[in-house]
Amino acid sequence: MSDKYQVISILKKDAILQLLKKNERIDGRGLEDFREIEIFTNIYNKAEGSARVHLGDTKVVAGVKASIGIPFPDTPNVGVQVVNAELIPLASPLFEAGPPGEEDIELSRVVDRGIRSSEMIDNKKLALIPGKKVWMIFIDIYPLDYHGNLMDAFGLAAVSALLTGNLYETEINEDDIILKENKIPIPINHVPIFVTIGKIQNKLIVDPTFEEEMVLDAKITYTIDENNNICGIQKSGTAGFTIDELIMARDIAIEVAAKIRKYLPLKKG
Amino acid sequence: MKKVSNITEVIKLLDENGIRSDGRRLDEMRKIKIEVGVLKNADGSAYIEMGNNKIIVGVYGPKEVRPKHLAIPYKSLIRCRYEMMPFSVSDRKSPSPSRREIELSKAIREALEPAIFTEEFPRTMIEIFIEVLEADGGTRTASINAASVALADAGIPLRDLVTAIAIGKIDGKLALDINGIEDQYGDGDMPIAMMPQLGYVTLFQADGIFTSEEIEKAFEMAKKAIWNIYEIQKKALKSKYLQIVKEVDINE
Amino acid sequence: MSDKYQVISILKKDAILQLLKKNERIDGRGLEDFREIEIFTNIYNKAEGSARVHLGDTKVVAGVKASIGIPFPDTPNVGVQVVNAELIPLASPLFEAGPPGEEDIELSRVVDRGIRSSEMIDNKKLALIPGKKVWMIFIDIYPLDYHGNLMDAFGLAAVSALLTGNLYETEINEDDIILKENKIPIPINHVPIFVTIGKIQNKLIVDPTFEEEMVLDAKITYTIDENNNICGIQKSGTAGFTIDELIMARDIAIEVAAKIRKYLPLKKG
Amino acid sequence: MKKVSNITEVIKLLDENGIRSDGRRLDEMRKIKIEVGVLKNADGSAYIEMGNNKIIVGVYGPKEVRPKHLAIPYKSLIRCRYEMMPFSVSDRKSPSPSRREIELSKAIREALEPAIFTEEFPRTMIEIFIEVLEADGGTRTASINAASVALADAGIPLRDLVTAIAIGKIDGKLALDINGIEDQYGDGDMPIAMMPQLGYVTLFQADGIFTSEEIEKAFEMAKKAIWNIYEIQKKALKSKYLQIVKEVDINE
Amino acid sequence: MKKVSNITEVIKLLDENGIRSDGRRLDEMRKIKIEVGVLKNADGSAYIEMGNNKIIVGVYGPKEVRPKHLAIPYKSLIRCRYEMMPFSVSDRKSPSPSRREIELSKAIREALEPAIFTEEFPRTMIEIFIEVLEADGGTRTASINAASVALADAGIPLRDLVTAIAIGKIDGKLALDINGIEDQYGDGDMPIAMMPQLGYVTLFQADGIFTSEEIEKAFEMAKKAIWNIYEIQKKALKSKYLQIVKEVDINE
Amino acid sequence: MSDKYQVISILKKDAILQLLKKNERIDGRGLEDFREIEIFTNIYNKAEGSARVHLGDTKVVAGVKASIGIPFPDTPNVGVQVVNAELIPLASPLFEAGPPGEEDIELSRVVDRGIRSSEMIDNKKLALIPGKKVWMIFIDIYPLDYHGNLMDAFGLAAVSALLTGNLYETEINEDDIILKENKIPIPINHVPIFVTIGKIQNKLIVDPTFEEEMVLDAKITYTIDENNNICGIQKSGTAGFTIDELIMARDIAIEVAAKIRKYLPLKKG
């Protein structure tokens, strides 16, 4: 994606910048409006949880798989959480097949940290035999159609798949885990929402489209829990923010998160 | 993650009335749903549900070949990548390409290429990206059904659509369109792809054991099913075209 | 190998096509003749089994190694079989060093499936302590000199190495396996033969040479067991076959397999 | 290899007097030492000790881009590689790049690039190589402090130095410049990089939970520390320059 | 797979009469057989049996360098790949190149390159592919013996053949041409390659412990053996040449 | 590093050659002089042992890490030793990021063999529970500034880090290893010194600089223990040595090793 800068025409770039001066956006949205959100959950039956999220034209999927594994030695009493995201070429001519690059890795690590810091999953309930056997929760996220702001779409898909996901009930028989017929919801404590705000010249815009991303100077992602605490921050892009901009962006993010939260699927159980 | 059944329990794939574990007759296909033009970035795309299989396909091209030295002077280079998402199967699949995925990418590409007028676009490439969202036996044939529709949706001139179905063998009998359990516990799997109008078989594989007669019978079963699927493919393409016409009407 | 198409001259290509119209081949063979076959077995002493196969100028080797390992969870009572083939640059200027590509992988998977589907190896006899310890059988196949039809040569080499291979006799001592002095043959049930038939225009030819492969439209490989059952099929190439062609090819394959079978080394034990 | 403490033992990061486990107050920074021009091959270089962190940075460029097609027509391509040596941490790190190292390489690059007049060197590249020799919490901020000095040492025109510090949260309180134990057992980590003169924040990350107020307070704490570190960076650069002047004097 | 001997049992490499476990005297070489021109595709090839070692070598070139930017303006680029087949050793070797194989590829290349008039073929490359089919100690020296014959067979002008032998140390004594068991349980291994006519040593490695005197004695032992092998190499080349002459005779 | 040959100018090359004819070197050293040596040890506290070595302008670091692992099946009663070297781009514009190439691997394997053959580490003392648990000693070596003769600098750094390194004292409690508070030196038997001698035309030079390496015909590295035994030899480069040259080089190496040995840090314990 190193040649993203060549992707949109100078005319379009100018149009975006001219409109922004008047606090307008090329798709008619206000600066702090996000695109239409649609969330479909439990759609792939081999997954313990799944979600397809549409954020405007951006479409992504997330799937949750669970398996029984061994805990890390330094956290013997909590489950294991793995987040993986891959920018597959299906979703954009800018993405290439191959092992995850730095963009894929950043996206998955920001989602991972947001879920972890918010303590979304009640990790202690995932320990089956402390020190020996725990649930490992794998969250895999893929774009299907990339039209900007994968960060927030990925976060929303991961969170939606977890919220509506199920695990087999277990029974412990000495050192063996027996999976029972019944399924119970993945234990959930909190729900983080990811809000990315772009900076173009001195304007802050919510939920940038692909074309806006092409002219952005920098981006800031705030992860917000249901108590309006910040449980994750990630700045990216080749410019900086003033502290005032960052505080303003934080306030916008808190407001936007509250609105997005209404789209969430109902928590199971 | 799938609950492992008691392994002493025998898996019964066919009951005394010749009915399969999912209620189908031996010559009965699973439900198929195809949607066309489901992606905006891809030049052509399709989504298929074939039983529980859920697969999305995007096609890009004809476009410039990268790296350039791979360009073929007299035809278009066809690339195909078949991938199962980690959550599409019972035990999470590692995200890196498996040997199975690499082989199937080649087999599917060679099933589709015979239908493409590759010689009309020399020095270009056409890329076919197949993502399996949920797998339940027969993903390669479902992928081919969706991919040939996606190629048509991309406006790439085709000799014919490519249409595919698998014949399996369960409890010693041939069975149309086997599902995951039938594939796992059955006696054989024989996926077949054809260009129905032209009568060419473009994918033909098998594992398990088949007699000479079974192969001939399998072709008969497959042909019938393939004509049915072919209609569904064409209807899917037409419905998108009709929709476009309607949109134009509205806009006038 | 993407530029195989540039490898032979247009004159040679024309010659092949002209001859075929008269049902003749450039090396004088009939359409359904295979090249001279030579098989040398048990030639590399570090291997549990080994074979060198000459199919005309095409020369390949296969070696069998065995080690004691853990069975797959879903097949606790059968041994493990691994087939690996690599197209090394020693054998042809068209092959490149590096991890196996799609051609290498297809070849090894077709051999693997043929051996597996025919139930060549009596897999259940490879379970030493059910669910815990089984023999793992590795079959590695390499070309030395590539002049067409690696598929059939690879299959013949793998089968010959298995047929003449040996394993240590074992003794079970609680959870340990003790290897004894004596060696016994690898347990064999059936013997598959791989027959590849090429299609050029509307002709079907057996055992294509490298030059014929360069002008082939498509190939079909049938794997045939000693009861003339089909235990493997693989179509490849960028064209299709009519159903009649496929049935004709099947009949040719069954006939050819019976002839090739006579070259097989004697089964051990 | 670290001796694993008795895990039932509670880690106390703050005593009854508000003093941290290494004796610092909540708003107290660790000692910083910066040396400039420590390498001969690199066009610019710096070595930093920030508490127990020991990091060396080398800068090459502006130089020809390889492979050529990655060159950007209107600016310099910035590359950054942050690597922890296998022996820099308690449990040996595998020498191949971890996902964490790949992410931090990007974050650090994007913290430094805003300060570089990249548009002055179109079609070139500038490479920043960061090697962590010993790690004890805050390696990314220490790396940025050293790297911006190394860029200056390489003679690359900068809008401002980039200066960085992490604010952590331990026992529910904000703490400046947290060390490894505080990072591991604390409640949060918020690294911040700024161009102090220009007032721009170029790196801003956080994990753990922070209230809105804490973020504002963290900025205040960070700004103060950043101005201090800025002076240390400038002094380090000046001392090398003075040394050169002296050498010239001597030679005359 | 090899049967693991009772490990308390002491491995005796030399009996009371100074005879080695395979019946050889300390200064006795294993049998060598070399065949030339065994492959049709390769421009030159050779097969060697040296004791139980069985190795095949193919040489391609001089040919165009790929990728082009690796071409050297004033000489031929020599490439060498030494590979052990997975079944060539007691415990199956993974097919991907091991660190040992990568090092030996370099050492063997640098043993052969001094003999090649590389400056006569600027901007070309010569590729040497070595495949070990069965290994029993001394594969690198056997590989060199075969490879230099294969280079000659390819018609590449050579200053001299390169001829190699290993000297080992068993039970404290120098032993010529050690086999696998002697290598594993012995005290040292010192492979030596020479251009015999020109008197240059082009490969020289050792592990284990040797005194200064032992090194000199090892050279003496090696030189004698190398002259013997040299004759075998030349005879192998001549026999192919004679065969060709005979064939020509027959055809006339 | 394949285009090393383009790196220095023909003028410089000529200068080096002209001086050598008079037995002089471009930096004023005699043919058998090595550059200034500085060794700093125990400088990185997360490592069990560490060393920074300056050999003239060449600067390298080595770090020792220890962990408890499982012995190899064929050597159940000795510890595991792993040496890894990587030519990182920090140290030279000629080095590229990525997995170790053949030069990195050769360097690390020569250091590994020298340490192993000299029996530097008393490997038997690293077995904690024979056949089950042993100390694994990892030695990682990196260049910081490359100005020639990494071989000898790498060897010296590895040896210095081992000589001054420490391991936790252990207590065995059935099958568990308990690490105690106290640290004890890594058990050391012998100390190898690596001496590389370059050949330019018919001159032998000790400790070549980068510029000399660019004109070298070949190199020979002798590893010498404190009894003047040779415990490692590695020839490299695209030319050969006469036997007389190799014997002369050996004598030089023994002399030089004795001088370098004086720079070694004191052995612990």
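Here the chain labels run A, B, C, D, E and F in written order, and each chain numbers its own residues starting at 1.
Keep in mind that, in the parts below, a residue touches a chain if its C-beta (ideal position, glycine included) is under 8 Å from a C-beta of that chain, and two chains touch if they have at least 3 such contacts.
None of these values were measured; they are calculated from a predicted model.
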Inset, instruction - Name, by label, each chain that touches both members of the pair chain A and chain D. - result: none
Inset, instruction - Count how many hops through touching chains it takes, at the least, to reach chain E starting from chain A. - result: 3
Legend entry - Longest centre-to-centre distance from chain F, chain (CA-based): B
Inset, instruction - Would you mind checking which chain's C-alpha centre is most distant from the centre of chain C? - result: D
Legend entry - Listed pair (D-F, A-D or E-F) duplicating the A-B contact set, over half by residue number: D-F
Inset, instruction - Could you grab the centroid distance between chain C and chain E? Build each centroid from C-alpha atoms only and quote it in angstrom. - result: 31
Inset, instruction - Please compute the C-alpha centroid of chain B, do the same for chain C, then give the distance between them in whole Å. - result: 27
Legend entry - chain A-chain C separation of Cα centroids, rounded to whole Å: 47
Legend entry - In chain C, residues with contacts to at least two other chains: 100
Inset, instruction - Quick one: which residues in chain E touch 2 or more of the other chains? - result: 4
Inset, instruction - Examine which chains touch each other and state the graph shape they make (line, ring, star, complete, other). - result: ring
Inset, instruction - Write down the ring's chain sequence, where chain A leads and chain B follows directly. - result: A, B, C, E, F, D
Inset, instruction - Spell out the part of chain F that touches chain E in their complex, as residue ranges. - result: 2, 5, 73-74, 76, 100, 102-103, 105-106, 108-109, 113, 116-118, 218, 220, 225, 228-243, 246-247, 250-251, 254
Legend entry - chain D to chain F touching residues, read off their complex: 1, 3-4, 39-42, 52, 54, 56, 58, 60, 63, 81, 83, 85-92, 95-96, 127, 129, 131, 133-136
Inset, instruction - State the interface residues of chain E toward chain F in the complex, per the touch definition above. - result: 4, 7, 70, 72, 77, 99-100, 102-103, 105-107, 110, 113-114, 188, 190, 194-195, 198-212, 215-216, 219, 223
Inset, instruction - Flag every residue of chain C that touches chain E in the complex, lowest number first. - result: 43-48, 50, 57, 59, 61, 63-68, 84, 86, 88-93, 97, 99-100, 138, 140, 142, 144-147, 168, 179, 181
